[in-house]
Amino acid sequence: MNKGRMEAFSDGVMAIIITIMVLEIKVPHGQQLSDLKDLIPVFLSYLLSFIYLGIYWNNHHHMMQTVRHVTGDILWANLHLLFWLSLIPFSTGWMGENHFAPVPMALYGIILLMAAIAYYILQSLIIKNEGKGSILAKAIGNDLKGKASPILYLLAIASCWVSSWIAGGIYTLVALIWLIPDRRIEKAIKENSK
Amino acid sequence: MNKGRMEAFSDGVMAIIITIMVLEIKVPHGQQLSDLKDLIPVFLSYLLSFIYLGIYWNNHHHMMQTVRHVTGDILWANLHLLFWLSLIPFSTGWMGENHFAPVPMALYGIILLMAAIAYYILQSLIIKNEGKGSILAKAIGNDLKGKASPILYLLAIASCWVSSWIAGGIYTLVALIWLIPDRRIEKAIKENSK
Amino acid sequence: MNKGRMEAFSDGVMAIIITIMVLEIKVPHGQQLSDLKDLIPVFLSYLLSFIYLGIYWNNHHHMMQTVRHVTGDILWANLHLLFWLSLIPFSTGWMGENHFAPVPMALYGIILLMAAIAYYILQSLIIKNEGKGSILAKAIGNDLKGKASPILYLLAIASCWVSSWIAGGIYTLVALIWLIPDRRIEKAIKENSK
Amino acid sequence: MNKGRMEAFSDGVMAIIITIMVLEIKVPHGQQLSDLKDLIPVFLSYLLSFIYLGIYWNNHHHMMQTVRHVTGDILWANLHLLFWLSLIPFSTGWMGENHFAPVPMALYGIILLMAAIAYYILQSLIIKNEGKGSILAKAIGNDLKGKASPILYLLAIASCWVSSWIAGGIYTLVALIWLIPDRRIEKAIKENSK
């Protein structure tokens, strides 16, 4: 089984998702600076989703480096992850155009939650396949970030009934948690090659 | 002849097809949960087509692993397959926006039928090229799934005159038949390497 | 210099061009078979352009196999070719939506002509770089197809003032000329490896 | 760490950015030559941005050839560059549709400036990582072009208050400066391999 093509396909899909999102930033009709004002929430939504997709690509890239064998299950778990990621442009657009209204904010969280679950399934299948002593199993350790994220998403979704700002804050927080360099896998690969 | 670039191009086209389909899920103007209701058939169509394209990518991936020589005929048979797959976003969009009306449902089946025929032609050319004792020939065996699918598509197309629900049921059934892990090629490769 | 990345980038751009063209086939509002009637010229334009892009990808693929060194000039000549190819979706859409009206038909020919010239420049730079005894120089020989195509495009563009049908016929003819398997490069590679 | 996948992802994103820009050239409703007249500024904007993205792809391609180790910092600096490049289609569309009005012209310059800064950050991180004696450090030397470009962009942005034509002239000038073959890295690689 050839992991190269699975990586290439995932890279392709993630590259397209991250780029077509920009099509949701519709060119305004006016030509004044004020015509851009309405686009601020659309732009902020785009920025947040760009970072999330960057994190997913980054983590996917690291995770796949530890994989030696690709099975049919892993291919489908990967497609499942790509399915939820592919809905990010839609929910980003809905959230941005409605200036962070509660329902679109909650849907955004649901999509992030489903993507996190899909990522967890993919990760578990790879660990199961590579064995408990695998690099990936060592690298993620107790997987604190992976476990905290879905809980934070759930909190954010619930908070939409109170205020969109709390949800927005939580989504930004989760992105920041992941943005902090995660040297776990890099470290585990290095230690393994000693 | 270099099969790498044919795989890369096919991956690229399939990745784009699977992703631009999401552009048919137009961001609704309202910001209420009820504004999403109209999108349910669009979403279900997207889900079905995502699975179909996932199956095609998966099967294509497996089939290409058995290929040693790529000829001009194979390159064009591959482009022929990509042509029919490229029409899936259009027919998915038409089907979804019209809430599974009979004519769009029938067109969807026709596109799936043409893609299945194109896949069959590609497969036959590869087997002809690799020889009867090739891994692919052994792997597909009597190719029951490959032969049943076009018949089921024809049934579904005909059933649109009676009820869209039958057609929808058949399309879902064919997808499920293929989703059931198909270990034929994996097995044949393993046996061959013994 | 690394030709792999130039191939990968060209594959990416050509895969996207061939696929976003399908976005010009707008989902009709009605749900009857008759609602598809207006799309027939759009569909035929798509089919023709798909074949042209398939031919370009195919020829590009073959040509690059003979290349050993990639220079800055070749990179830019390649981008120049991709530029003209990237305008094919626009002119295809204009031609299809206007049911093959003369001016859009002429513009389509102009884009094809410019792409043919760009291809010729790229080919000449590669031959110059690889030397007169290179595989590519032997393979294209007197390059009859390459020389006939621009003349036929010019004829087609001129014929738009008389009738769109003549132009359409010539565009189809050129596509067919190139579709006929072109074994020149394959043959030259084989002979070279003897 | 695997630089291949970072290159593949960057190629994918840049290929998509360069291609979806063409979607901003909307098919006109009329079928006369005069209907294309309104598209001239849109076309010129597209041409300029195509050249800029071609330059970025070209420079990125050369720079990555000198890289031996990819770190987490480099991955994120690369995504940061892709983020600003991904906004080029939007600002190109706004500039073209408003026939080079001052505010869209200034925004175009701001996006180019941010992309130039992002490229500089990426380049600095790579040099820091590869060491002062690295091929890249030698190749860029005093990096005159890299230092002149942001200053020229700032000048262009300021000049929008006077006349859009000055800004347009400066953007074209910067593109031409970079288009002039830049043999620095090619030369440095050659010298290094002696």
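Note that the chains are named A, B, C and D in the order they appear, and that numbering of residues resets to 1 at the start of each chain.
The rule is simple: a residue touches a chain if its C-beta (ideal position, glycine included) is under 8 Å from a C-beta of that chain, and two chains touch if they have at least 3 such contacts.
Please read all numbers here as calculations on a predicted model, not as lab measurements.
Farthest chain from chain A (centres taken as the mean of C-alpha atoms): C. The two sequence copies chain C and chain D touch through a face in which the numbers common to both fall below half of the numbers used overall. With each centre defined as the average position of its C-alpha atoms, the distance from chain B to chain D rounds to 37 Å. Centre-to-centre spacing of chain A and chain D amounts to 27 Å, using the average Cα coordinate of each chain.
Residues of chain B in contact with at least two other chains: 8, 12, 16, 20, 23.
Here chain C touches chain D in the complex through residues 1-2, 5-6, 8-9, 12-13, 16-17, 20, 23-24, 72-73, 75-76, 79, 82-83, 86-87, 89-90, 93-94, 97-98, 101, 103-104, 107, going by the rule given at the top. Residues 7-8, 11-12, 14-16, 18-20, 22-23, 25, 27-28, 31-33, 36, 47, 50, 54, 57-58, 61, 64-65, 179, 181-183, 186 of chain D are the ones touching chain C in the complex.
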